[in-house]
Amino acid sequence: MTSTSTRDLVSQPYKYGFVTEIETDKIAKGLSEDVVRLISGKKDEPDFLLQFRLKAFRHWLTLEEPDWAALGYPPIDYQDIIYYAAPKQQDKKASLDEVDPKLLETFDKLGIPLSEQKRLSNVAVDAVFDSVSIATTYKEKLAEHGVVFCSFSEAVKEHPALIERYLGTVVASNDNYFAALNSAVFSDGSFVFIPKGVECPMELSTYFRINSGDTGQFERTLIVAEEGASVSYLEGCTAPMFDTNQLHAAVVELVALDDASIKYSTVQNWYAGDENGVGGIYNFVTKRGQCRGARSRISWTQVETGSAITWKYPSCVLQGADSVGEFYSVALTNNRQQADTGTKMVHVGPRTRSTIVSKGISAGHSSNSYRGLVQIGPGASGARNYSQCDSMLIGDQAGANTYPYIRSQQPDSAVEHEASTCRISEDQLFYLQSRGIGFEEAVSMMVSGFCRDVFNQLPMEFAAEADKLLALKLEGSVG
Amino acid sequence: MVNTVLAPVQKRGQANLEKLGLPTRRQEAWRLTDLKRLKAMASLPHVAGADQSSWPSVDQGVTRLVIGTDSDPLEGIQLPEGVSPLSEAELEQALGHTLDRCGCAEVWPVELNHAHSRRVLALRVRGSVAPLEIVLAAGDGLIATRVLLLLEEKAELDLLQVIPAERDNAAAPLAHSHVIEVHLGQEARLRHGLLASASGDTSLLAHLAVEQEPRSSYDFVSVCRGWRFGRLEPQVLQVDGQATTRLNGLAMTGGDEQFATHTGVCFQGPEGSLDQLQKAVAADRSHSIFNGAIQVPRAAQRTDASQLSRNLLLSSQARVDAKPELEIVADDVRCAHGATVSQLQQDQLFYLRSRGVAADEAAALLLKGYCCDVVDRLPSVAPSWLASSAVKDPARPL
Amino acid sequence: MIRPDAELLLDISDLHASVEDQPILKGVNLQVRAGEVHAVMGRNGSGKSTLSKILAGHPSYRVTGGSVRYRGDDLFALEPEERARLGVFLGFQYPVEIPGVSNLEFLRVATNARRDTQGQEELDTFEFEDHVREKLKVVQMDPAFLERSVNQGFSGGEKKRNEILQMALLEPVISILDETDSGLDIDALRIVAGGVNQLSSPDTASILITHYQRLLDEITPDYVHVMAAGRILRTGGRELAVELEQIGYDWVDEQLATEGVA
C-alpha cells in the first residue's frame, strides 16, 4: 500500500510484559490426587470443598481432551505445570498499607492503583496476583449494602453455606474437560453475592495478574444475585511475556434469581505471543450464566485482544420465564493468534429472549472463528433470538470463520441470524485522510465504528479503554 | 464397455467402505444423522429398478433417459443434437475427476455408490441443446446410479432429474444412492433441477459434485419430500472464481422423517458469486438438517456470496438444525448469510381468516406460498411431473 | 341513516378485554343498527383499535367480560373465519404483507367462502377474474395488483384500497374500518371514502375508527362516539366530530378525573 505502511507502525511492545521479583510459594510440578489434597490443605478448606475437588479430579482422569475446535496447538503436558503458586505473604491484609509494596507497585504499573489515594473512585477492585487475592477495596462500603465481594478463598471461610449452595450448580464439574480440571485445582477467584432487592452501588472488578511462568491459572468465580438484585462486574487481566505457553483454565458461574440482573464484562489483554507465535497464554474458559428466576437477565460483554489461543463460549441458560440473555463481543486477532469463541444461548423457559452481537476483527495471519449455538427447547414457547455476526478482515492473510448452529424444537419461537463481512478499504481510509484525519486515527475510527454496538454495552470507564486497546493492537496491520 | 472402466472403481469402493466403516457421531458431518437408518439402507439388497407405469409421458421436445434399470439407458434413444455419450477412453479420464477436485471422492456415501454402481451414464454436451430428463428408477431394495456430464465451452442445457419414489407404506423399503459429477466449461450454462418425491420407507443418498470454469453459470433447484431418511450433498467448486452459482433448495419432512442437506461452495479464484436459498418445512415429529459451507480463501477476492436459510416448524415435536458455515480469508469480499427459524406467521394467518378463509386452509395457502417460491424455479421441464406428484400441493399432509 | 326499527346488527354490552394481561377495554356499550354509520374517535391508547381486533377475533386479544351479539348470535362463539363469512369485515390499520400468496388467489378463495355461506354459487377462476375486474373500479385500482403477492410492495394507500376492494368482493353486513384514513393523502382518502359510500346500503352498517375529522367530511356519520380509557365516554351526532376538531381531547382528562378513573 502506501510507504508509511501501517504494518510498520506495528507492535507497540506489550508494555505489561515485566515480571515482579517476589517470593513465591510453589509446589512441585505435576498433578495427582495428592496435589489436589495439598492445594486444599494449603487453603485450609472445609471438607465439602475437598470432596468437590476430588470428585472432579477423578472425573477428569476419565476424560479425553477435546480437539474439535478449529485450533492447532501443540499438546499440553498436564504434568509439566505447577498447580499452585502464591506470593508469600501472610493472610490477606486488613489494610492495604500492610501489603507488600512490590505487589502494590505491580498493580500501579498496570494502571490499577490500589492505595487509598489513588484508587478508582467508583469501582471496587479485587486484585488477584498469581491466583491469590491480594486486596479488595471498598469492602466496608459494600458491606453496608449487604453486598459480599471478596476473594473466593475468603468466601469459603466466611460464607461456606453460600458457596456450598451455589458452587458447581451452573457449571458442573463433569461439564467438560477444562471445567473438571478447574474444579479439581482451582486456586482463587472472586465471589460476589448481592442480597434481595439490592442494586450494587458500584461497579465490581477483579483484576488478574499472572506472574509466574510455568504455572497454570485456574480461577473460579461465582456471582449470585438474589431476587430483584443487580450488579455490574468487570474482569481484567494481563500477564508477563514468557516464551513458554501458560494455561489459563477458568470457570465463571453466574446465578440470577427472579427479576435479578448481572452484567459481566471482560476486557482481555493477555500476552499474545510474539509475531511468530512463540509464547502466549492458552485461554480455555468455561463461563456460564443461569437465568434461574423469572424475568432475570444476564449480559456478557467481552473485548478479546490477547492470548495466543482463546477458547471460550460464555453462555446463558434461560430457564426462568421471560428471562433475557445477551452476548456482545469484539474479538481481535493479529499476527498468529487463533481465536475460537462464541456463545451458547439455551432457551428452556417460555418467552425467553436472547441477543447475540459478535464482531470479529482478523488481521495478520490470524484466524478468528465464531461458533455459536442457539437452542430452543420444547418448553420455550414464545422464545425469540436475534444474532448478528460481523467480520472485519484486515489484509488478505487472516481468516474469519463463522459457524452459527441453530437447533430448534419449538415452532412458537423465532430465531434470526445475520452475518456479513467487510474490510477497511483504501477508499474509506483515504476519504477520512482527505478530511484531515491522520492515518492511525482513521483506522481507529473505522474499527470503533464497526465495534460500536458492543462498546456501547461496556461500563463507561472501560469503553474508552477498549477503544484505545483495539487501536493499539491493530497498529501496523492495515496496508 | 462400461464394465471395464467401472470394475476397478467398484473394487476400490468396496475396499474403502470396509476400511472406513459406517460414519459415527464423532464426525461432525454425521453428528445429527440417524445412523441406524443409514446402516439399514446400506444393508438392503442390491436390485435393479423397474416400474414406469405411473410416470407421466414425456413432454414434447424433451428427451427422457432412465437409469437404474438393468438395461442401457441409451439403448433405442435418439439423443438430441449436441449430446453424445463419452467413449471409454474419455470416460476413464473424466470419471472421478470432479469428485477429486471437490474433495469428496472418499466420503462414505460416494464410496457406497462406487461399490454398487454398475453403470455410468456419461454424456458430453456441445452447444445449446434441447432439454433432458434423467429419471432414476425405483425398486424394492438399494439402487445405485451414477451420472457424469461434461458441458463444453458455451454449452447450454436444461436438465431435470427426477427420483419418483412414492409408494404405499406396505411396500418394501426402497433406497437410492446417486452420484452425479458435472464439469462446466467456460461460459457453459446449466439449469439443473432435482425433484425427489417419496413416501413410505424410502432412503436417499444423493451427492452432486460440480466444477465450474470461469464465466460459467450453474443454477440448481432441488425439491425433496417424503423421504424417511435422506441426505443431499451438492458440492460446487469454482475452479478459478468468476462464475455464477445459484443454489435453491426446498426440503419437506413429515412423520418421523429425517432429511439433511449439506451444501459446500468453494471459490478458488476471484470474482465468483453465490446466491443460495435453502428452505425447509418440518412437520409432525420430523427432523430437518441444513449445513451450508462456504469457503472463500485468499485467492477469492471480490467474491459476492449470500446464503439464506429459512426454516418453518409446523409442530412442537418437529426439529430443525441449521448450521451455516463461512470460512473467509480474502478481505475484499461481500459475504452475508442469514438464517431464520419460525412458524407460520400469526398475523398473516389472522388476516386470511378475517377474510373468511378457514384456519387450515389459510395455513395451507401460506405453506404453499412458502414452498412455491422454490418449486416454481425448477427447470421448465418440470410441469408434467409436478402435476402428477405430491410436490405440487405441498400442503397435503407431509 | 337512523331508523329505530332497523335490524340490530351489533349489540356490544359491558365489554371488557385485555391484551398480554393488560386490561384495555373496561366496559364498552354500543348498539349498531342496519343503515347506520358510527364514528369512534379518541386518542391513541383509548382502546379503539383493541375494540376492532376483539370484534374480528384476533388471537392476541382476550375478552374478560361482557358480551357482543351479532344479529342475535353470540359473536365470541364464532371463529374469525366464521365471523367473516357471516358478514363481519375488519379493515386493518396496518394490513400485513403475505409474500408468496397471490392476491388474486387469496381474493378468490375469500370471495367464494362468503358466497358459499350466502347460498350463492362459487366462481371459477375465469368467472372470478371478470368479477374482480368490475370491483376494481370501485377503488380505481390497476389490475396489475392482482398478480402480486398480498400487499407486498404496496404503498400505504394501495394497501388501504386493497382492503376496500375486499369489502367490495365480500359484501359484508357490518364493516369496522380501523383508521382507514391514516397515512392517506386527500385523493386516496376520497377514493377510499367513495368506495365505502358506494358499498353502503340500508341493510349494512359501518363503524369508522378514526382520529381525524376529514374522513367524516367524506362519509357522514350518524353517531359519533368518543372513547377514552377503554370506554365510550360521550356520544353525539356528527356535530360532535366538528366540536372535537375545534376543542381537542383535553376535556376527556377532566371528565375522567371527575369520574375517578386514571
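Residue numbering begins at 1 within each chain, and the chains themselves are lettered A, B and C in the order written.
We take it that contacts are C-beta pairs under 8 Å (C-beta built on N, C-alpha and C of every residue); 3 or more make two chains touch, one makes a residue touch a chain.
Since this is a predicted model, take the numbers as computed values, not measurements.
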Through how few touching steps can subunit A be joined to subunit C?
2
Farthest CA centroid from subunit A: chain C
Distance from subunit C to subunit A - Cα centre to Cα centre, in angstrom
56
Round to the nearest whole Å and give the separation of the Cα centres of subunit A and subunit B.
44
Measuring centre to centre with CA averages, how many angstrom lie between subunit B and subunit C?
49
At least two partner chains per residue is the criterion; list those residues in subunit B.
none
Find every residue in subunit A that makes contact with two or more other chains and list them.
none
For subunit C, write out the residues touching at least two other chains, lowest number first.
none
Contacts from subunit A onto subunit B in the complex sit at residues 68, 376, 378, 381, 391, 393-421, 423, 425
Contact footprint of subunit B on subunit C as seen in their complex:
56-60, 79-81, 83-85, 89-90, 92, 95-96, 98-102, 105-106, 109-110, 113-114, 117, 149-150, 166, 170
The subunit B residues in contact with subunit A across the complex are 28, 298, 301, 311, 313-343
Which positions of subunit B touch subunit C when the two form their complex?
345-348, 350-359, 361-362, 365-366, 368-370, 372-373
